Amino acid sequence: MSLEIKIDDRTANIQFLERDGGKLKIDIDGKKYNVDVVMVKEGVYSIIHKGISYNVELIENKNSKKYIVNTLYKTYDIEIIDAESKYLKRKKQDEADDESIISSPMPGKIVKIPVKAGDKVKAGDTVVIVSAMKMENEYKVKKDRIIKDIMVKVGDTIDEDQPLIIIE
Amino acid sequence: MSLEIKIDDRTANIQFLERDGGKLKIDIDGKKYNVDVVMVKEGVYSIIHKGISYNVELIENKNSKKYIVNTLYKTYDIEIIDAESKYLKRKKQDEADDESIISSPMPGKIVKIPVKAGDKVKAGDTVVIVSAMKMENEYKVKKDRIIKDIMVKVGDTIDEDQPLIIIE
Amino acid sequence: MIKKVLIANRGEIAIRVMRSCREMGIKSVAVYSEADRTSMHVRYADEAYFIGPSPSNESYLVIDKIIGVAKKCKADAIHPGYGFLSENAEFSERCKKEGLIFIGPSAYAINTMGDKLTARKTMIAAGIPIIPGTKEAIKDVNKAVEVIKNIGLPVMIKASSGGGGKGMRLVKDEKEIISSINAAKSEAMTSFGDDAVYIEKYIESPHHIEFQILADNFGNTIHLFERECSVQRRHQKVVEETPSPLMNDEIREKMGETAVAAAKAVNYSGAGTIEFIVDNDLNYYFLEMNTRLQVEHPITERVVGVDLVKQQILIANNEKLKLKQEELKQSGHAIEFRIYAEDPDKDFVPSPGVIKNLTEPLGTGVRHDGYIYEGYEIPMYYDPLISKLIVWGKNREEAIKRLKRSLYEYKITGVKTTIKFLERILDTDDFKSGKYNTHFIEKNKNVLMSPQKSKGNFENIAIIAASIDYITKLEKLQPKKPTQNLGNSWKDFGRKRSILRLWK
Amino acid sequence: MIKKVLIANRGEIAIRVMRSCREMGIKSVAVYSEADRTSMHVRYADEAYFIGPSPSNESYLVIDKIIGVAKKCKADAIHPGYGFLSENAEFSERCKKEGLIFIGPSAYAINTMGDKLTARKTMIAAGIPIIPGTKEAIKDVNKAVEVIKNIGLPVMIKASSGGGGKGMRLVKDEKEIISSINAAKSEAMTSFGDDAVYIEKYIESPHHIEFQILADNFGNTIHLFERECSVQRRHQKVVEETPSPLMNDEIREKMGETAVAAAKAVNYSGAGTIEFIVDNDLNYYFLEMNTRLQVEHPITERVVGVDLVKQQILIANNEKLKLKQEELKQSGHAIEFRIYAEDPDKDFVPSPGVIKNLTEPLGTGVRHDGYIYEGYEIPMYYDPLISKLIVWGKNREEAIKRLKRSLYEYKITGVKTTIKFLERILDTDDFKSGKYNTHFIEKNKNVLMSPQKSKGNFENIAIIAASIDYITKLEKLQPKKPTQNLGNSWKDFGRKRSILRLWK
């Protein structure tokens, strides 16, 4: 069994060679690992490799093929790449050429929308201001654009990644 | 909507009168309760009743209609009684008249089985000794019985409620 | 005696106060906004009442609502915690009018200390040292030169309408005075349309050191020594410790006496904090007074051995202070780290969310004051402070090592936190040697802000964990081997003696 | 300096030791049995090695396996914790032979103190008071009368082959001596087929008080004051506190000196404990020495401010003690409660199982040394100790109130625990007043063992929680309203701002 994994900017090839209970032989980009893996609770793994005890905590992202992975020193963004995700990725990229969606990476409240549908905005212009945890975050456009649609109104409570403004 | 609930030795009749979000009006044995209920995490409820803040933690037993419920002062055994459980209860009682199963309420290891199939044992005789957490527990028969079958052997690791010995 | 206290706050401080109430046999009453129904302070309290929508100006800041609940539930007193209504003179006054005990100072003390200019005047009158300078605009340049010579160089020329570093000039040399004033004036005019500038002594290596005060209603005022709070990011304290590595016994005693005098100058009652700016030569100047419990009060509690919240309640109950200045002493060393739900790799953007896994630091010398729990969602409406990690050591060195150990143990998934950032503070030479001032974070920015380097095998270990999780879930979705159990549910966990068998 | 320590233990004590190692910059190595793969000590350690099947006599007690791992991973030293191999002279000797540092005393000290008769003789030789009596069988009744008169009444006549109270006679009156000896002899003959009896001074109101000792390899021996351990159930300590409510400064100093002398009598090195029996008149007698770290060591750490594990490691590293007897003092009051996974309502039957929800006590003055986590399964193979709750207060009264508060916030579901039983101890007059001895639990049995009464509405609140949980799950199983979300998953929780909507 093999997998392709995107970790930050690197893409790694994983091959599962042997399995015996929690003891695994795995090949990562040609390097072989003999590890003892156990899920101690939901989302928390204990991994022993060459006697070293590692703790790894992971959170599945909305898309079940994306993970945020915490290790002792660093947090990684990991994506499992299989045929389906390759297809979706291509599809999404095609769409991105036609229209863009402005959204907030965290839940919050709409404080201000200084534009309206049909407006022509310049690169760097703020199109929406979202407040979260006592801080206000301004979302700007990177290029000259036209506001196609505004999906929210001032005062709305929004989820993370919820489409706020569609630009052309 | 109404329910019958067995709590320790008491059987209570529950009626759900009104529902508005987490705010409920419930009738328990004729007494009305206006409560604000929220599940703060799996198995943990916060209940506010007349301003008093209660914390209740519960664990579903194997049978999904049985609960162990922890409140501040006491732990309760609760069973939800519906048509299905009433039927099962009757059926189990019928079977219990024919044969009995000796089992341990906690996981452990079989230390000794001082009887064999076919033995006639007297009330109070020990039929199996199970060790768990450095302690040995002797399981005895309450009446004069005949050992019908022994399902385990010395040294076996057992689960809770696993049938160990069948008696007649 | 006070029998029931309403805590007009949320988060860790609400629980902190409730803990002391519980130890005193006092009932605690929580109030909560819509976003806080599942918050720990609601679960911890004896009673809990809803006070409105999530934004604090519709709930925690609405005096009428708080007073209404207090009267309805027959509370004797209100503890405001810190933030929210804690330094609101109107609230203090209103409580008094309604026959409720406000656990804090009088409106007079809050007002006097709350207004910078009034505070400055009151302190001058009481003989408390303040940062030398003129608060009035300079009109006559020659007179300015004279003032500056009196204050002593270096000084800072600041625009009266100023901000953001515009219209500011640092003067180190006598020869530069006139040219600097003119330059500042001209820049101030351009920037703010107003050329008024004033003079303030420039503190080259400023330390932020504060003294904890307790005062009863009978004129007894004591201090519980200092807290060093110079590690600040955007004027927000990040680390606090006591004793201050800068201090010696002589200056400690002197500053303590000054702090007591400052509190007495406003007839202070309750727990309060006198903040000083201290330079490397141990010259100190009154900065402001916080007329409430501080976030960082636990380090004082640990080193002096006094429960400050209990003292607040006893004072509010009109009891005389039993603590005597001469009996108090500092024992060992305590450091507090504030843990925020912020992403240090992304300019500290707040990171609200659901806590998935939580492992709190424990063991000898560790106190952890938090309010989150596994499954709790940190709401987006309030301060992103998750918890305060307070460690004690026999000396500063042991405290630092213990802090490092505690941060190692402290694991949170689901939100980003400042834990990694704090670990990097502990690795700087400036912090380890105790030789730091308020420029610390700016000075060490490169080290503190650099993203963590991956060490050894961690990247591949992360890959292993994610791929195994993925494959395990994939196999669960394909019920081709229905008897094969992947051990994910509680029950299966138990059956398998906690060893997860990924494959047969 | 020691760079890597193997901890030959599990549970809370393994983590306790690793914490100090981490603070000292020493790598820690865990060993684990089959049942312990998911145990916290394996996760906490820098390295972890498997040593065999779950039963401890096939893993944690197998000297060869432990030594094998230590050599393989190149550990410098082994810390045995308490229990398991901690008082095994052979293990201490074996480490020495293999060139490994055993963090504990020499085989000589362990052997001498481990054998009751040898210990007794050694202590007599060193002038340490022991419980007066004869360990030899009485042959001549007249001589026995003489011996008893020497010891002083009351005495206990005990069968040499005895046990379980058979062949025992308490003698309070001189006139009863001969008849009691004869009665005891006759009963001993009937019960054990051996009429040999011996005499021991009867301590009417016995207190179990122990002194903490630290000794280096250079003859420096100090004590860190006492621990009161009289609250025992079946000779198992349940509660420990320091200072002892029974003690005064004079007797404390005297006993401390005796404890130091006792340790010196066996050339002791490392941390150890001298246990005494003390009567109400403060007469004290050597009982035994524990040649290892005690379960209850944290209360001493808290009140004296010394990390005992660090001291153990420094001593093992052949360093001189830096602590001076005259500089040590007790500050405040600390109490430890041991929390077991046992069901106090069912005669303390062990209760292994999976921890479902866990809320640990935190806040000022609270230390919690445990090893469990949500999702962890407590295995059935080992001691059911879950954790130790250690609280500190400025005085005994504050410590007791803080303990009560801590027990209130300590919540575990999934296993039965002794928390409720411990709460009842705090409610007894004997404990509150500090006037208790080793008969405490027996004396207060009725109160301590009575099942908790339900108060107020709790029963109906429990009913409400269970019925709502049941109905919510029922509705989830019936997909008639597919758009209706019951908010059980993490994501939905977030969406709904943490408010569970049970029905529309």
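Just so it is clear, A, B, C and D label the chains in written order, and each chain counts residues from 1 on its own.
Definition applied: contacts are C-beta pairs under 8 Å (C-beta built on N, C-alpha and C of every residue); 3 or more make two chains touch, one makes a residue touch a chain.
What you see is a predicted model; the values in this text were computed from it and never measured.
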item: Greatest separation from chain C - chain, by CA centre; value: B
item: Comparison of A-D and B-D (more C-beta pairs in contact); value: B-D
item: Separation of mean Cα positions, chain C and chain A [Å, integer]; value: 32
item: Computed distance of Cα centres, chain B from chain A, in Å; value: 45
item: Mean-CA-position distance for chain D and chain A (Å); value: 49
item: Per-residue multi-chain contacts in chain B, two or more chains; value: 22, 38, 40-42, 44, 52, 55, 107
item: Chain D residues counted as touching two or more neighbouring chains; value: 37-38, 44, 353, 356, 373-376, 408, 494, 497-499
item: Residues of chain C that touch chain B when the two form their complex; value: 29-30, 37-38, 42-50, 73, 373-376, 491, 494-495
item: Residue ranges of chain B touching chain C (in the complex, touch as defined); value: 22, 36, 38, 40-42, 44, 46, 48, 51-53, 55, 62, 107, 159
item: Chain B to chain D touching residues, read off their complex; value: 1, 3, 5, 7, 10, 12, 14, 16, 19, 21-22, 24, 26, 28, 31, 33, 35, 37-45, 47, 49, 52, 54-60, 64-65, 67-76, 78, 80, 106-109, 132-135, 137
item: Residue numbers on chain C that touch chain D, as the complex places them; value: 15-16, 19-20, 22-25, 34-35, 37-38, 44, 54, 298, 301-302, 305-307, 331-332, 353-354, 356, 359-360, 362-370, 373-377, 379, 394, 398, 401-402, 404-405, 408-409, 490, 493-494, 497-499
item: Chain B partner contacts - residues on chain D that touch it in the complex; value: 341, 349-353, 356-357, 380-384, 408, 411, 413-414, 416, 451-455, 457-473, 487-488, 498-503
